[in-house]
Structures are given as C-alpha cells and as structure tokens.
Amino acid sequence: MAEYTLREMMTIAAARQIRDNDIVFCGTGISMLAAMAAKHISAPGSVIFFETGAIDSLLAEVPMAVADPRVMHWTSVNGSLADAFAFMQNRSTGRQVVGIMGAAQIDRYGNLNSTVIGDYFRPRVRLSGSGGACDVASFVGRTIIFMQHEKRKFVNRLDYLTSPGWLQGAGRREQAGLAAGGPSVVITNMAVMAFDDTTREMYIMAVFPGISPAQVLDHMEFKVDIKRAQTFAPPSAAELAILREKCDPQRLILG
Amino acid sequence: MNSDQNKIMDLRTAIRRFVNAGAHISIGGFTLNRNPMAAVYEIIRQRITGLHVYAHSNGQGVDELVGAGCVSRLEIAYAGSGRFAPTCIRFRKAVENRSLAVEDYSNYQMTLRFMAGSMGIPFLPTRSGLGTSIIDKWGFSAELRKTDPKIPNQKLVVMENPLDGWGDADRVVLVPAINPDVTILHVQTADAQGTVRIQGLTFADVEQAKAARCLIVTCEELVEVDVLRAAPDQNQIPFFCVDAVVPVPWGAFPTACYRYYDYDPVYLNQYRQAAIDDERYRTYLEMFVYGVPDHHTLIERVGHRRLEAIKADPQTGYAVNLDRR
Amino acid sequence: MNSDQNKIMDLRTAIRRFVNAGAHISIGGFTLNRNPMAAVYEIIRQRITGLHVYAHSNGQGVDELVGAGCVSRLEIAYAGSGRFAPTCIRFRKAVENRSLAVEDYSNYQMTLRFMAGSMGIPFLPTRSGLGTSIIDKWGFSAELRKTDPKIPNQKLVVMENPLDGWGDADRVVLVPAINPDVTILHVQTADAQGTVRIQGLTFADVEQAKAARCLIVTCEELVEVDVLRAAPDQNQIPFFCVDAVVPVPWGAFPTACYRYYDYDPVYLNQYRQAAIDDERYRTYLEMFVYGVPDHHTLIERVGHRRLEAIKADPQTGYAVNLDRR
Amino acid sequence: MAEYTLREMMTIAAARQIRDNDIVFCGTGISMLAAMAAKHISAPGSVIFFETGAIDSLLAEVPMAVADPRVMHWTSVNGSLADAFAFMQNRSTGRQVVGIMGAAQIDRYGNLNSTVIGDYFRPRVRLSGSGGACDVASFVGRTIIFMQHEKRKFVNRLDYLTSPGWLQGAGRREQAGLAAGGPSVVITNMAVMAFDDTTREMYIMAVFPGISPAQVLDHMEFKVDIKRAQTFAPPSAAELAILREKCDPQRLILG
C-alpha cells in the first residue's frame, strides 16, 4: 500500500469533495493544492478562481498568496476583487461555488473564527481577520473547511464569529438573510466531519486509518455523533502521483 | 480633480505635499503584490504619524507602516502576506499591545466601501456578514465615532429590505463609503498627464483611486501619452483623477509587479525574521529604511544578483522556478 | 452558470432554446453601436411575442423589436438612435397608441439596476432623480406590480440616509435589481468555451451579461481559447457566465461594431423613412426580416459596395470620411 | 462684420460658457460642437467626455451619437456607463463637470422635460425620455441648456419633470437631496438666459443682435426679468473659422 503523509491525505480528502463543474474558491496552501488535485483527478471541468479576481488560472507553479503573479497567467479573465465577490453573491453563479477555507476556531455548527483569540478588545492572540472568508461563507453553495483537530480549536463558544456556518442550526442562515448554502465538510488531521441535514450539527463522517472515533472526541470541546463514522479510504497511488508530480513537485505546500 | 498636462514630481515632494500627519490614506495592491512600497518607505522616512489607514488585504505595505509607528487607526479586512506571514507580525504586536485601534470588515465590505466612495453615494448594500461578530463588535466605539466627523457614526447598518424582499433578500448590510484624503498606487505604466495602465489583476486599486480626494501614482515606466492613447481599452484611470505621477523603477519591491518582477522571498523572509523581535526590527528599519536616502539606494543595496533572480519572464509575467522557500 | 467546453450553436437554435414568448430580456449595445441585430431579426423572424424588455439606451434593436410587435412591456431610459432618430419612431407610435406599456428610468438608474442584478443584491442607491417625475409617475401600476412576481412591488424607493447623512447625502433613491431571463450581446471576439473580449466602450454589456439567468453571445470572430488566454486583462466576461456562443459576421449590422465596421447610414435612413409609415414599415419587415432566412442573406442583399464603404479603418476603428448624411 | 448662421451663434454662445479645466459632458449635435469649439478657442484644458464611458476623445470626425465609434478613438480611457455616471455623482469630479443638454419644455427654474408632451399615461407626443439627462442634471456642478424659444416650450408647468433644474427655487435642490450645482444658462435662438443667484428664477442675460427683450417675452408662457438684458457680442471671425474648419467641416451639425 502506498506511503503518504497526513498532509497529503487531507489534501486528497478535500479534492474528493470537489465535483465536476464546481467553481472552486481557493485560499493559499493546502486549499489551493486540493483544488489543483481535483482538477487533475476527478473534476476536470471544475474552475479555480481567487478573490483577487483571477478566473481559471493555469497555475503552472503553486502560488504563495492569492495575489501571487502566478494566479494572473493564462486566465479566462483578470478582474478585480469587486468582480470576484460579485460572482459569489450573485445567486446563479454563487450556488455553483464551493469555498475552501480554514480557521483558528470552529463550533458545532461550522461557524469559524479567524479574527481573534480571547476578548476582541483585549486580544490574547490577534489573527489576520476575515479577508474574503466571511464573504465566501455568507454567499456560496458549499464550503469545505480545513482544521487541526485540537480541543482549543473545536470549541463550544467562538471568541469571535468571523465566517457564518450554519449559525445556531437549522433554518438560522435563512432567518439571518444569508444564502441557502453552508458548510459541507470539515477535514482535519484525524477525520472528516459533516453536518446533519436536519439539525445542521457536526458529526464524524469518517476517521482516518488507525484513528478511533473516541480519539477524535478527545480532541474536541463539544460532543458529536460518532455512529455514522466510517473509515476513510486512503489516497490511492494514482491520486498521490498526481498530487506530487503535477501539483506540488517543489513540495512548497506538501513540505 | 486635476487636468494639468504634467504632474510628474519626485517621491519626496509628492509625499510631503499630499500625506500629512493624521491623514486618512489607502494604498493599492494586495498582500505581496503591487504595494506602493517606495512610497511606504518614504512615508516612514518622513516620520509621518497618526495616519488613519483603510485596507482590504494590503499586506506588506500596511505592516511596515504599522511597524514604523506611522498608523494610529486601521480599518482592515485581512493582515497577512500570504505564506510569508499568515498574520502580519508587526500588526499583531501592535494590536496585542493595544497601540493600534482596529476596525474589522471583510474584503468585500472594504471593496464596497471604496466603491461607494468612488460612486459618490453614502453606502453600498451586501448580504455579507449577516449573523457574524463583524456586525456587533465595533472596534471604534460609538462615542469615538460621534466625536470624529471624518468617520461615520455607524460601523455599518443592518436594514430590512425596503423592496418587499425583492431579490430574495429579507435583510442587507449597508457599509459606509470611504473617501480617503489620499490614495497611493504603484502601477506598471502611466503618462505625464496621469492616465494609468495596470497589468494583471487590478485588485481594488481603481475603486481606491476614484474614491480618494488626492491620488499619487508611482509607476515602473513613464510612457508617452500616445502609447496609452493608442489602446485606451487597457487603461483604467483617467488623468483627471491623478494629482502626482512619480516614476519609481522597482517601486513595489519587495512585493511583486506583474510582468516586471516577482516578490523577493529573501527580503520577505528576512523581514519576518526581523519583525518577530523588536530589537532586530529597529535594526531592520535603520538599515533598509531610515538608513537609505531613497528607494533607488535600497534597490542598489539589495544588489544585482537578487534583482536578476526575480525579474519577470516575458511569457508568464513572473520569475519561473524562483526559489521561494 | 455553464462550464461546458463547447457552447457553439447556430442562431436559430440559440434563440429558440433561450428566448420564449413572454420572456424578460435585455440586449447589449447603445443606440447605433453593437446592438445584437442578427439576434433581434431572428427573434422577429420566429415571431416571439409578449417580451418584457429592459433597456438603457439600446436604440435600434429595441425599436425593431417594438416595431415588429414582439414587445408588450418596456423598461427604458432612452429610445433614440442618435442623429438618425432622436426619438425612435416605432417606439413613439407604440406608446402613443398605447399598445406598449412603458416604465421610465434614467440611463444611470438602469445601469445600476443591471449592476445590482449582477452583484446579487436587491437594489443600489443613487442620488439621481430626486425631485423629478421619474420618482412619482409609475408606468406600471402598483396593482400590476403586486400581481406579477417577476417585477418588484415598487418602481423605486426614496429613503432617508440611515447613516446619519454620511457622504453628505440626506436622501437616496433605491433602484431595484434586474435579473433578465436572458441577455443577448454582440461582441468582437469570443472562444468556443465562452470567454468574451469586447473592444472599445463596453456600455452596460458586462453588467447586463452577469445579471442574466442565461447569456447568448453572438460574435464577429470565433477565436482559439489561447488567443484570449494570452491577454486576459482585455477579456471582460468569463466563460461560465455564457450559455451560447454564436459566430455571426456583421452581427451588429446596421449598427456599428468598433474596429470591424461602422453603422450604415443608408440602412438607418431607409429604416427611418419606412418607420414613419405603417404600410412602408410592413414592406420593410417583409423585405429585410421575414423575407430573408438568416442574417447572412440580409448582408448579401445589402451588397458588397455598401459593406466596403462602412468597413473600419484599422487605425481609428471606424470608416473614415464615410458619407453619413 | 462676419456673416454667420443662428446655429453658429448659438454654438459659440455655449462654447464661451466653457472654462479651462471644465470636464464637459456632451450629448450629440450642437452640444458636442460647442464643446469641440471651446477646446479649440478658449478652454484648451477642458475635457470632453460622454455618458457611454469615453473620456477625452480625439473627435477627428463629428460623432452622430454618444455611442458613435468616433468617440472611442484615442481616448484617455474607454470605460462604461457605470464609470461615466460615477464620475459625475462623485463629489470631487462631479463638481468640475459642466453638462450641456436640451429639452422639449423648460420652466422658470430651468427644470426640463424630455419625456412626454401631454399626460404621461395618454401622451400627445412621446419623446425619447431621460437617457443620461436626469443623471447629469442631478449630479454636476453646472448645466448649459439649449432651447428653441417658443411659448409651448417655455411653460408655466412642465408636463413631466425629467431633469431637475433649480426645482421650485432657492434651496430646493439641497432639500430634495441633490448636488449643489444646477442650471447656469439657457441658450436659445433669440437670447441667452441665466438664473438669479438668490431666487434661482430665469432672467434674460443677453439678447441676440436685432432681437428685443419684448420679442423674447412674446415667445414665453411665463414672464422673466429683462432689466439685466444686454446685447450679445456676435461670434468673431476667428471663432467662426475654428468652428467651420476645425469642428464641422462637413457641416453635419451646422447644416
């Protein structure tokens, strides 16, 4: 069986979530790598775009930022921030967009904090802030979330709600006035979590090989349903080959 | 609004004339691309303080202004420089030791605020942020807002849709217009009159430019009026928006300028190393900013070898196979 | 939203598939420039009726749709074709004999309505029209509006500025978003996937395109994907907005297509002569629209000599010294 | 003394109103010609732009419409309608704009009707509608208005108020929420009319040679002050030469 790193498995786990014809909103790092991998593996018709306005970039080299000149080469259109976010807020295009994002804290409904740890006015740790994350989470059809599985990150109460997930549960997004979409999966270093269609609460969909649902729970402040947990099918040799040779040969992201 | 035929001036004069202590400013670019770094370093060199800065994800330039103590208030969506600094280090220190007042928005909200300013309307609506802390947590208190006529009384306003739910929207967020005293852009080409041509992504530069009361444009290349007039579909900013045209080769260094040069990983990594330690940061400022009379000297100090390494490949517009670790 | 790699189809199929009786549509261009005339003539030929048309100053194309009886409702800012028809003649007749329901806005208001639709927000604010009859006189009654879910309950809403007069504005006009069932553009170049490059002024084409549920693009030239990808700064509409790509040389005739051909003064003057008389207009329709199977045949009927006369000069993009009386 | 047509005199009268560094919003026909003449005569630094988005067009030939391809050649920027109107609504650029416009009806406060004659719902004559006229009149620093001097055109009550002038008089624009600017002069086939700085009511500033203020009043439904009426200085040979040779050699507009 093929050897692989955890980072590689997480990337493939996200890539498998991307469908053909999705428009994929990417950040930097592992999220961009997942989108590149999906395009080569399962979703050749998917389109990668960036909040900076680059649409369907060639990505001959891995960008180090969403404003990296590498995202501007051989696109369909080089636009602006205003254009990129309007595509997501627009109902017809927005519903086709899947956003890939990360955060410092997540709660049971997939709400995210990427602004501050501790009190907003007396921060223990100040983070980068929303960037486009709040916009994407407000607008698009589906989001895929990357997290490190740690108690201090899977919390009962966020220090700051930067990006809306399912808010306080079923129906709350619509009540708030947000688009119908929301978080689809959370991919961590231990498992893949999903959200219940009726309650919108997080549950364990699959654990990575050698990890037990109980171990996963040990790394979370809140309890989630483990009954649906299956074992994750590890990345295939073919998936790994594409990821390593086509997407990040310099291992800038894979390390 | 300025229709002079020749707006060329040197950077020192442009900054002295248009950027005063306490001014409300915005800078162009995004994270590690096309920040007007020569202008940023000149502002630091002139020790201009008390700036109120409006930023979406302006990255490196904002962190250096904050690090040098030029900024007292910052309205921002994202303080990071891509893989080189997921969170800008001097920004983080300044917020944590509460020497900097911050108001948080999203990138689209900040973009819409500049757009509203450029359009001459008080606000623009969006569905972004409903249900989040961006709505309830105000970095600038209502009291502060009431006392300062240069900022709106509200961070934003959530309003029921007055068009009976038209557009499948019950509620919208109204974000207030921004009209900076001055916006500073670095672009690839401009002419003496001020017509601007940006290559590659424009980010929010055009909105920031048109929203500003004064506009300083630094450019890689000053070209003849005819060069830009022959293909006006590719120009973004008409000359009458521009107050100063400042030719500055390598003016975005150490950030990238598409089709001219890439970002410099060496500089950005050294910056990160310096930024995490106050003593080392002082040394950095002495060596690379206060210690040089102008951007040209900084570029010379960086040296031919590194500049060659980041020169853009004419096909792709970036430095192919550049070592970016 | 459509990511197919090949969206090429013939005009008859595209119109049949996307333009149904009673559809809400908008067409690109402005007065006598870049109207999608081949598509307009095909709609007339297919005798599609009951259309609800959204227009700013779309000119010739709108007048021909109205003249042929395809349109039952029109929301418009300006019905004219420059010096050839200060007021579009068939439009004027239709309004005066009350066979056409009209709602009046200004050009900027209509532009903002398309922009709001493209941005996915219910309205955009402006200061335009305060104190005018555009605010109080509603061409579509409140009753009609209440009964038709496809149009908003209000023509527009005047609102006090909820940001305490921020932006030096006490009051704004909110104009409702438009999301047409289909928008039809004629452009200079597109590729099979649907990426669009417009040359010269874009008018409100880009906003109209992004606001629409379906988008038909007719183009002078179909080019390889690589041609457009090599200079993406010059492209305006990404392929995923486009549903049909229809190559139609002379597709804007008798209106102009910058850098390809000028408007045809002969045709536009003949049209005006025909339009003022119902009998002559019927003859015009028989000869130039119903009487020809497709645009190619119309162009052949116009003849080589006149086409040569309006061919664009490569330097200026129009026909220099064309007799335009 | 130079021979000239009425149309030529009206064009020169408008051209003389344009100052250096004005940004001139133009329609077609005589208004465009006036702007072109001003640029060659008294205001070389003035900028001609069109609602269609063309800024500082070369105008080697007279355009027949504001969307004529002739406005797109050798501009500073080829933009869009959205750009053009935003420049006018924007306070810093808008206040520098002078708009030149015409209409079918005008009232004593310079409000204009270009939409309909008779009842809006049972029109006697349907006109083109606002186009950009309402926008320009709402936004810009100054407007110059061309009119034919006829009783049915200078009316007590407009059938439809398409473009705001001084509305109901002093202070009313500000109360309505419009920009501070407003109508500056009205140029007709008989006279040049201006608006009183305090009352904002129309008055006769100058009558054309051979015309008496009384004759002007005979062509208006409402009375205006004639005490300030002077005699208009006819176009000079130099002005006429530029207009005829540089601006409209084919006499497309001058006839």
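We call the chains A, B, C and D, going by the order they appear; numbering starts again at 1 in every chain.
As a convention for this text, a contact is a pair of C-beta atoms (placed from the backbone, for glycine too) under 8 Å apart; a residue touches a chain by one contact, two chains touch by 3 or more.
All values reported here derive from a predicted model rather than from experimental measurement.
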Moving step by step between touching chains, how few steps can get you from subunit A to subunit C? 1
Where subunit C and subunit D overlap in contact partners, by chain label: B
Of the pairs B-D and A-B, which shows more C-beta pairs in contact? A-B
Compute the distance, rounded to whole Å, between the mean C-alpha positions of subunit B and subunit D. 40
Once you find the CA centre of subunit A and the CA centre of subunit B, what distance in Å lies between them? 28
Based only on mean CA positions, could you tell me how far subunit A sits from subunit D in angstrom? 57
Centroid spacing, where centroids are CA-atom means, of subunit B and subunit C in whole angstrom: 38
What parts of subunit C, by residue number, touch at least two of the other chains? 120-121, 126-127, 168-169, 172, 179, 200, 233
Multi-partner residues of subunit D (at least 2 other chains): 72, 78, 89, 91, 139
Sort the chain contact graph into one of these: line, ring, star, complete or other. other
Pairwise chain contacts under the document criterion: A-B, A-C, B-C, B-D, C-D
Parts of subunit A lying in touch with subunit B, wherever the complex brings them together: 28-29, 51-54, 60-61, 63-73, 78-82, 85, 89, 91, 115, 120, 122-135, 138-139, 158, 160-164, 167, 172-173, 176-179, 252
Note: in the complex, subunit C contacts subunit A through residues 1, 3, 5, 118-121, 179, 193, 195, 210, 213, 228-230, 232-233, 235-241
Using the touch rule from the top, collect the residues of subunit B that touch subunit C in their complex. 116-117, 120-127, 152-154, 157, 159, 161-169, 172, 174, 176-177, 179, 199-200, 233-234
Can you name the residues of subunit A that touch subunit C in the complex? 21, 23, 45-47, 55-56, 58, 72, 74-78, 86-87, 89-96, 139
Which stretch or stretches of subunit C touch subunit D in the complex? 29-34, 56-57, 59, 76-84, 86-88, 91-92, 95-96, 98, 104-109, 111-112, 115, 126-134, 137, 139, 168-172, 200-204, 206-207, 256, 258-259, 262-263, 312, 316-318, 320-321, 324-325
